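Can you read through this structure? Questions will come right after.
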Amino acid sequence: MQDERGLIEDARSLGGDYYLLKIAAPRNAGAAKPGNFVMVRVSPSFDPLLRRPLGILESRPPYIWLYYQARGRGTRMLAALGPGDSLDILGPLGNSFPEIPGKRVLLIAGGRGIVPLFHYAQVYAERRPLLLLYGGRTRADLQLLDRIKALRLQALFIFSEDGSLGQKGLLTDGLERIVREERADVTLSCGPEAMLARLALMLKGRSLENHASLEALMGCGFGVCHGCAVRTVSGTYRKVCDEGPVFPLEEIQWPT
Amino acid sequence: MQDERGLIEDARSLGGDYYLLKIAAPRNAGAAKPGNFVMVRVSPSFDPLLRRPLGILESRPPYIWLYYQARGRGTRMLAALGPGDSLDILGPLGNSFPEIPGKRVLLIAGGRGIVPLFHYAQVYAERRPLLLLYGGRTRADLQLLDRIKALRLQALFIFSEDGSLGQKGLLTDGLERIVREERADVTLSCGPEAMLARLALMLKGRSLENHASLEALMGCGFGVCHGCAVRTVSGTYRKVCDEGPVFPLEEIQWPT
Amino acid sequence: MADLSVDLGFRVLKSPLITASGTFGYGEEFLPFYDLDILGAIVMKGIFRDPRPGNPPPRLHETPAGLLNSIGLAGPGSAALQEIIRRLHARTAVPIIVNVCGEDDEEFAEVAALFSAMDEVAMLELNISCPNVRQGGACPAQDAGHTARLVRQVKDRVRKPLIVKLSPNAVDIVAVAQAAQDSGADALSLVNTFLGMAVDITTRRPVFANVYAGLSGPAIKPLALRLVREVCRRAYVPVIGMGGIASGHDVLEYFLVGAAAVQIGTINFREPAAALRITGEIEAEMERLKIKSLSEIRGQLQA
Amino acid sequence: MADLSVDLGFRVLKSPLITASGTFGYGEEFLPFYDLDILGAIVMKGIFRDPRPGNPPPRLHETPAGLLNSIGLAGPGSAALQEIIRRLHARTAVPIIVNVCGEDDEEFAEVAALFSAMDEVAMLELNISCPNVRQGGACPAQDAGHTARLVRQVKDRVRKPLIVKLSPNAVDIVAVAQAAQDSGADALSLVNTFLGMAVDITTRRPVFANVYAGLSGPAIKPLALRLVREVCRRAYVPVIGMGGIASGHDVLEYFLVGAAAVQIGTINFREPAAALRITGEIEAEMERLKIKSLSEIRGQLQA
C-alpha cells in the first residue's frame, strides 16, 4: 500500500458519462492484483474532502488504467483533469478475486462493474477459459468492447435493457441458461447492488462458488474509519475496504 | 456587469509565480475600462468559497487578458487551468482611472500593480504622452516588458530592489526626480499597500493630481457584502469594489 | 411547471426562496442579474436607527466552504433605508422584509415601528441574533427571557407580520424559539451565523478586531439543518430555515425537516444569480419526486 | 531543527501532534506510511467493555469540507484491544492513549481501570462526548453535574493521567470543562464532533438511522478554535485542541489560543501521511516566526 503521486498520461471521455484514465503510478502498478482498488484524491480542495474509491481496470507497470462514471461532484472534478495533471493515488487496496485454477469461471459485470473483472480477465484469460456476461441499461454503459474482445475470452454474452447492444434484457435473464450450457463452476461478479442481490437469489442453493466485489461509501479505504461496513447474513458487519471488496456472494445480507 | 462563462484560450506560466490568461469573455471584453476588475470563480468546489478579484490587463473583444500571481489557495487552483477550461467571470466591476486629457500622466506600478495601468496605457498611449515607473523586488516581478515596450510610452523607468533589472532600488527612490524632470501633472498608481502609503507621503502637499487603485479582501465584488471596506482620512469607510478600486490617493487613510 | 408557492399562514409567497439579510444588499444590486420577482421575498441588510460605519477591516475571512464575517452592520440608518425601499418598490413587486436591529430594546422597537408604518414593507425580521455588534458575540437571542421581553415590546408597536431571527449560539435555541413564539412572533427564522474565529499567526492577533466573527456558507449546513429540525419540532408558527443553502436539494432538505420557507445567504456572493439557478433546481427536484407543492413534503421526514 | 516537544505538566511529549480517536484505527494501519515515533502520542479508537458491531450503514456522509459520521463506536471490546496494544507497543515507542467509552458510568470506570493497569498505556482519554451512542446525540459531556460525578468516579479507579474529552454540543462547554478539571481531570481535550444531519430527499428519511451524526473536518475549524479559546481562558489544566486541523498553520492557531497540544482527526482519512506533512509545516512555521519552542506562543494571542 502506497500513497503516490500519479501522473496522468491520457484522459478520455468515452461517452455516456464514462471516462478512461491512464496514469503513471509505478508502485501501484507493480503491486495491483485483480479486484484491488485505489483511493484517488480528486482535488487539492477540501470540497470534496474524501478520496474516491476506483477499481483498477488494468495494470501494466508503470501504468494503471481507471475506468469510471462521472456522476457526482468528485468524479466530475476528476473528469476535468487531463494529461500532465497529477493525482494522489493510494493503493493498491483491498483483497482480490481468488485465482481458482482448473475451474470454469463465469465473470458477470453490470455497467462499470466491468472494472475488476476486466482486470481479472486480463491477467488470467491466457491461462484458462473465461466467460463474460456483460450487461447495462444501454449501449453507453457497455464501453471498452474492443478491449474486451482482445482479451481472448472463451465466450462473451452481452445484454442491454433497451436492446441497443447485444440481447435485450437484464443480464440475469441470460444467467440461468449460460450457467447451465457453459457448465460454469465459479461466478465472479461486480455491479449495482440490485444486480448482485438478484444474482445471490438466483445462485442460491446451487453448487457454484460465487464471489462478488462490492461498493460502499469509503472514508479512508484502508481499514481505519469503519465507514464502509456491510452487513453479513450472520448479522455482523464487515469492512468492504480491507476485508473486501470481494466477498463470497452468500455471505452478504442483500436488500430484499 | 455580467456573470459570463469565459473560455480559456491560452494560459501561460511566466515564471516567478506569474501567470497570463487569455479568456474569451465577449461581454466583459466589450465593456471593460482601464481600472475595472473581474471576480473569477476558480473552481466548482466550495473550497475556496469566494471568487477572486483580478484586474483586467487588456481587453480586445472578445478577449480579456488577466495577469496574476499564484500565491494562495485560490490563485494556485486558477494556475492549474488550461486552454479549453471555462471560468465564471463577473465583471467588469468597479470604477476606472479618469482619462484626464491634456495632462502629463505618470503611471506608477509595483509588481502585479501593473495590471490596471497597462490597460490604461493600452487604451490611452496613442492619444497622449504617458510615462511609466515600474518596480518590483526582482526581475521576476517585472514581467510583460515586451508588451509594455510595444505600448509606445514616452518613457519607461524600471527599478528592482535587487538590481536584477533596471535601476537598483525601490521605485519610490526615483519618484522625486522623475516627477520633477518629466513635469508630471497626474500620477496613477497601483501596487502593494506599503508602496502606495509611501507615495501618499511623498506626494503630499504637491500640486499633482493622484489616483490609486487599491486591493482589499472581497466577498462579492459588486457592493453588497461590505467586506471590502477601506478607511478614509475623514474616518468613514468606502467600499473598494464599487466605490473604487480607484480613489484619490489623499483620500485613503494609509497605515503608518 | 411546478407550483412553488408556500403559505406562511399570514401570507402566501410565490416562491420558498427568500434572500437573507446582509447578503443581498438592498436588492437593487441584484437587478442586473435576474428579475427579483422570482423570489418569495427579499430581506434588506440589517438596519439600526442611525447610520453606522461598521467594523474596521478585515471584515471577512474565508474558511473551507465557509465565510467568517464581522461586518458590524454597516448601514445608512433608517431614514436612508426608507428612501431606498421606496425606490426599490417602484421597480419590483417582490415583497420586502426589513431586518430590524437595535443596540437596546427601545431601539429595536423604534426601528420596527418606523418600518411597520411603511406600505412598501411586507414584513419585519427582528435580528436579535447578530454576533457582530458586541465583542464576544452577545445578543438578545442567547437568552429566552430577554427574547420574550423584547419580542413582546416590539410586537406591541407593529402591525406587520413579525419574524424573529434566532441565533445558533444560544445556550438553548429551542427555549428561545418557544419564548419568541409565545411572545407573539408570527414566524421564526434561523440560523444566523455561528460564532467562530481565526488567528493571524504572524501578528499573534485574532484576524478580527472583535475576536469572534460569524460563520456562514455550505460548511454550516449540516449543523443548521439539525437546529432547524429541533426548532420545527416545537414550533407552532412557521419556521424559515437557512444556513449554507446552495442548491435545490438543500432547499428540499430544509422543507423535509419542517421549514415553511428558506433563505439563501452567502451563496449570493459567490454566484449573484444563485436564486435563479436554485429556483430551477427546486422545480426539477419536485418533478423528479413527483411533488405538486412543497407543502406535500414539509415536515414529512420519516425519522 | 526546531524543538517540537511540549510539556503537559504530567508528561512531556516529543511533538504537539496526537492522532485523534476513531481516525487512526489502532495505529498499526499507519505503519506503512510513516514512523509513528514522530508523533506526540496516538489515541486508540474508542473502546467499550464488550465488542460492538457499530451502527447500520450508511455511517458516513460527506459535506462541504466536512464529514458526518455515525460509526457507533464499532469495536472488538477491551480484551481484544489489550492484545492489539501489546502488539503495537512491541513495534513502536509512541505513547498510546486509550479512548475510554461506556454505556453508563460504571462501564466507563471499569474500562478505564482495565487500561490504567497496562504498562503499555501512557494515558487515558475519557470519551464522554460521543454523539453516536444514543439517538439524538445525548452524552455525559452535555451536563456539568454528570461530568463531575463521572470524572470523580473514574479518577478514583485509575493511576494514569486522565484526559477528559469534551463535546461542542454541551449547553455550556466552559462549565463542563470546569466541572471536569475540578473533579480531577489531568487535561481536557476538545472538540469532539458537532451534531449535524443530512436528509435523503428521495426516501424522505434522514441519511443516518440515528438521525443526527457528528460533523468533523476543516469545515468546523473556526468553530472549534473559538471553543478551545473559551475553555483555555478558564482552564488550569492543559488543553488539547482539535477540530479541522489540516496544516501546520492550523496547529499554531490552536497554540496561540492556549492549547498545549493538538489532535488531528479526519485529515488522516484523506491523507494517511498527514501527520508527517504537518510536522514539517510546524517546523517551517516555527522557523519563519523565529520560535524556538511552542511554549513561547502558547496562549499568546494578543486580543
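General observations
Going by the order they are written in, the chains are A, B, C and D; count residues from 1 in each one.
By definition in this document, a contact is a pair of C-beta atoms (placed from the backbone, for glycine too) under 8 Å apart; a residue touches a chain by one contact, two chains touch by 3 or more.
Quick caveat: nothing in here was measured; it's all calculated off a predicted structure.
No other pair of chains has as many C-beta pairs in contact as C-D. Placing every chain at the mean of its C-alpha atoms, the farthest one from subunit A is found to be B.
Separating the centre of subunit A from that of subunit D, both taken as means of CA atoms, is a distance of 36 Å. Averaging Cα coordinates per chain places subunit B and subunit D 47 Å apart.
Residue positions of subunit D with contacts to 2 or more other chains are 63-66, 217-219, 246.
Contact of a single residue of subunit A with at least two other chains is seen at positions 46-48.
If the chains shown are joined wherever they touch, the resulting network links each chain directly to all the rest.
The touching residues of subunit A, when paired with subunit D in their complex, are 1-3, 41, 46-51, 88, 90, 216-220, 222-231, 235-237. The part of subunit C that touches subunit A in the complex is made up of residues 64-65, 218. Of all residues in subunit A, those touching subunit B in their complex are 43-48, 73, 76-77, 80, 82, 85. Of all residues in subunit D, those touching subunit A in their complex are 22-25, 29-30, 32-33, 45, 53-54, 56-67, 69, 71, 74, 217-219, 246, 266, 268-273. By the touch criterion given at the top, residues 46-47 of subunit B touch subunit D in their complex.
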